[in-house]
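What follows is a set of structures for review.
You will see two complexes here that share chain A, one where it goes with chain B and one where it goes with chain C.
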Partner chain A sequence: MARTALRGRLSWLVAEVVELIDETPRVRSVVFDVPGWTGHLPGQHVDIRLTAEDGYQAQRSYSIAAPEDGDRVVITVERVDEGEVSPFLVEDLMVGDRIELRGPIGGYFVWEPGSGQPVQLLAGGSGIAPLMAMIRAAAASPGPESIRLLSSARTEDDLIYRKELDSLAERDSRLDITYTLTRGHGPGWKGQVGRVDRVMLERFAWPPEVEPSCYVCGPTGFVETVASILVDLGHPPDRVRTERFGPSGGHP
Partner chain B sequence: MSFVTRGFRGRRRDEGPEGRVPPGQYVTADFPVLSAGPTPRIPFDDWELTVRDRDGIEVAWTWDEFQELPTERVTVDIHCVTKWSKLDTTWEGVSLDVLLADFDTESGYALVRSYGDYTTNLPLADLTGGKAWVAYAYDDEPLAPEHGGPARLLVPHLYFWKSAKWVKEVVLVDRDTPGFWERYGYHNYGDPWREQRYAGD
Partner chain C sequence: MTETHVDGNALGGLFIDMFGREMTDQLGCCGECGNVSAFGAVRVFRGPGLVLRCPFCGKVAMVIVGTADGLRVTLGSLQWIAIDHWA
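Moving on to the complex of A and B:
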């Protein structure tokens, strides 16, 4: 996507919190109003900057969780207990607060409706955020793309965007969702159990023959495992795009 | 312009020693992995490193030949554009001064290409003069594939995307050509001390 590269300097913009959505006990989405925002592609991310009263600053990167919508930018933040920024964003931030933000950043891990090719999305934990921007963009477009999502979380309570995803899948036959839980499940659980492995990918992911574009996002271990299996199954490496979170919760 | 975000104090224990951490960075003890695609697996038997210049002169080393070259052990700080810095990382590798010894280094730039086709561009002056290595060991262990093994470029004075993982060839060129991330809007040079993260910074 040349679009990002062609833009001029990425200036810091003032972003005001207009809505906070508790997604899971540890995850919160923050909706910002960002006057001057120039738009973005699903999959891109932003840098945010927080400044303390004495001038101390901290910067972090977060994926944008929703497609372009005027001055509205949504990020989804998982609380990293030892983190410096995420506990503040998840617990302390209030509607009306202002931070600084710049972007969009990144132009490789992006997807736009229109290619016609099937899409395979693979999410580990909060790695679903940039993939959700793709799903929401697809749902809002008339395109023919069939999207399969394989989403892995620790427990049922940790599944992010579940209600919205289930309701999208219910009324949109182009979207197919498989959940898997890695740390236990209740008696009524109807999804998959255990980490994503070769068997699960063979059963629930698009096969290489249909030439899907694959997007894998999550913690390093998840991405390393899943991307390697996809290549072993015959997906060309250049059709497997990845975004990894460091173990420190650093992102992307 | 900067302004205070209500209620933000920061934990600050990630600030690191003074003068060691560039602006906008925090110190981590982890070694995060960031790559745009699957990790390529390159058997040592198939591995080759090539240096080529504008006149078509080419030198290639097999893994065994590469191991014969004089090595250095360096301890350096590294800085990733995604904001983490890691202090006192120890590497073993071959200095680019050794690899470029037989080349006319009047070309202004280098384009570095990896297995898996990642590319990055640097001024040649940033690869010479004891500032850059092709590293094959980290923390006294063989370099893990997800960190760029068998061997990666190590250019610690620039943001770490310039330190191409799975390095395969270094091409000396007269004209600067943007590499992979540089084409996607990241800064063409990437000096962490001037916070050159993105084009125009």
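Moving on to the complex of A and C:
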């Protein structure tokens, strides 16, 4: 269980790629088999370390996108064009490759089924990854939590996990999803248009009166904007948990 | 520049190296403004080192620099840390 792993040094583990899933043209999920993995909570992340032949190392942090499942760890990576690590993970990594990984990490931006409180999830782009771990965990649990997701992406093609989310929402009345597109949409688009703003939050997010736990993850600008509107609307700051991953979609 | 920072969640692994335990849900108080926030919520600016700023007032709370000998941690406005279940 994850809590037992919280004390002491984290050791680097060898993770083998067992599956690659193309989510969008710029985003890929990588499924690792990690012998010795101690389990994790939805919202936690891993550090990934790549070492070049000359010894140069680059380390990045990626959210885990699926709940605990034995030695299986899933991350979802968006390609950052000028990035050191993400182009390798999205384009070059192959099934059977081994890389170094350590975790689970994080005790702040985590959620577990069982509280009974409603949950408001707000995703900017690939910030949906840790929120997807929460949604998948909730879907697999009998808990009463009602989850609302507001997911913002550039275009329809950039909506990550869309098929799975739509089919979960269709089967599970506890899950309510709103999509919004910020950079154009086709004629058949039935979701929202434009950046998440106060009006959109008033219309589609849980109001403060139902005391939801709010989780906001995305690029820094998205998180700053959304978190401050939520607080303005009356959500207590300590119930608005945030995870920023920098300017352009990659964890640092 | 709000676009250049991430938050303390991203340093969770480094905090475990430094403190030997998960720290992102542990609290620190800024001596400048008196506000208490979780380590996971601090603002982190990356340059030659890591500059951690109070999410409320922006004061530099801590600077972490990797040197040839290890880590050099300089404390700024971070006045106290509360760590639960310490044994």
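Everything that follows uses one rule, which is that the second predicted complex is superposed on the first by the 243 of 252 C-alpha atoms of A that agree within 3 Å, B and C clash if a C-alpha of one lies under 4 Å from a C-alpha of the other, contacts with A are read in each partner's own complex, and residues count from 1 in each chain.
Rule of thumb we're sticking to: contacts are C-beta pairs under 8 Å (C-beta built on N, C-alpha and C of every residue); 3 or more make two chains touch, one makes a residue touch a chain.
These numbers were taken from a predicted model, which means no experiment stands behind them.
Superposition of the two structures on chain A leads chain B and chain C into a clash. In the superposition on chain A, A:D97 makes contact with chain B only, not with chain C. By the touch criterion defined above, A:L10 lies against chain B and chain C together after alignment on the C-alpha atoms of chain A. Legend: residue contacts after superposition of the two complexes on their common chain; A:Q117 is shown touching neither chain B nor chain C. By the document's definition of touching, both partners, chain B and chain C, reach A:S61. In the superposition on chain A, A:A52 makes contact with chain B only, while chain C stays out of contact range. After overlaying the two complexes on the shared chain, residue contacts for A:T242 are found with chain B and with chain C alike. By the touch criterion defined above, A:G106 lies against chain B and chain C together after alignment on the C-alpha atoms of chain A. By the touch criterion defined above, A:S141 reaches neither chain B nor chain C. For chain B, the stretch among 60-68, 96-104 or 168-176 that collides with chain C in the superposed model is 168-176. Residues 7-10, 47, 61, 105-109, 220, 224, 242, 244-247, 251-252 of chain A lie at the contact with chain B in one complex and at the contact with chain C in the other. Considering their complex, residues 6-10, 45, 47, 61, 102-103, 105-110, 219-221, 224, 242-247, 251-252 of chain A touch chain C. Those residues of chain B that touch chain A in the complex are listed here as 1-12, 14, 24, 26, 28-40, 80, 82-84, 116-117, 146, 180, 183-185, 197-201.
Residues 2-10, 12-13, 16-17, 20-26, 38-41, 44, 46 of chain C are the ones touching chain A in the complex.
Those residues of chain A that touch chain B in the shared complex are 1-2, 4-5, 7-10, 12, 14, 47, 49-53, 55-61, 84, 88, 92-94, 97-100, 105-109, 220, 223-224, 227-228, 230-231, 237-238, 240-242, 244-248, 250-252.
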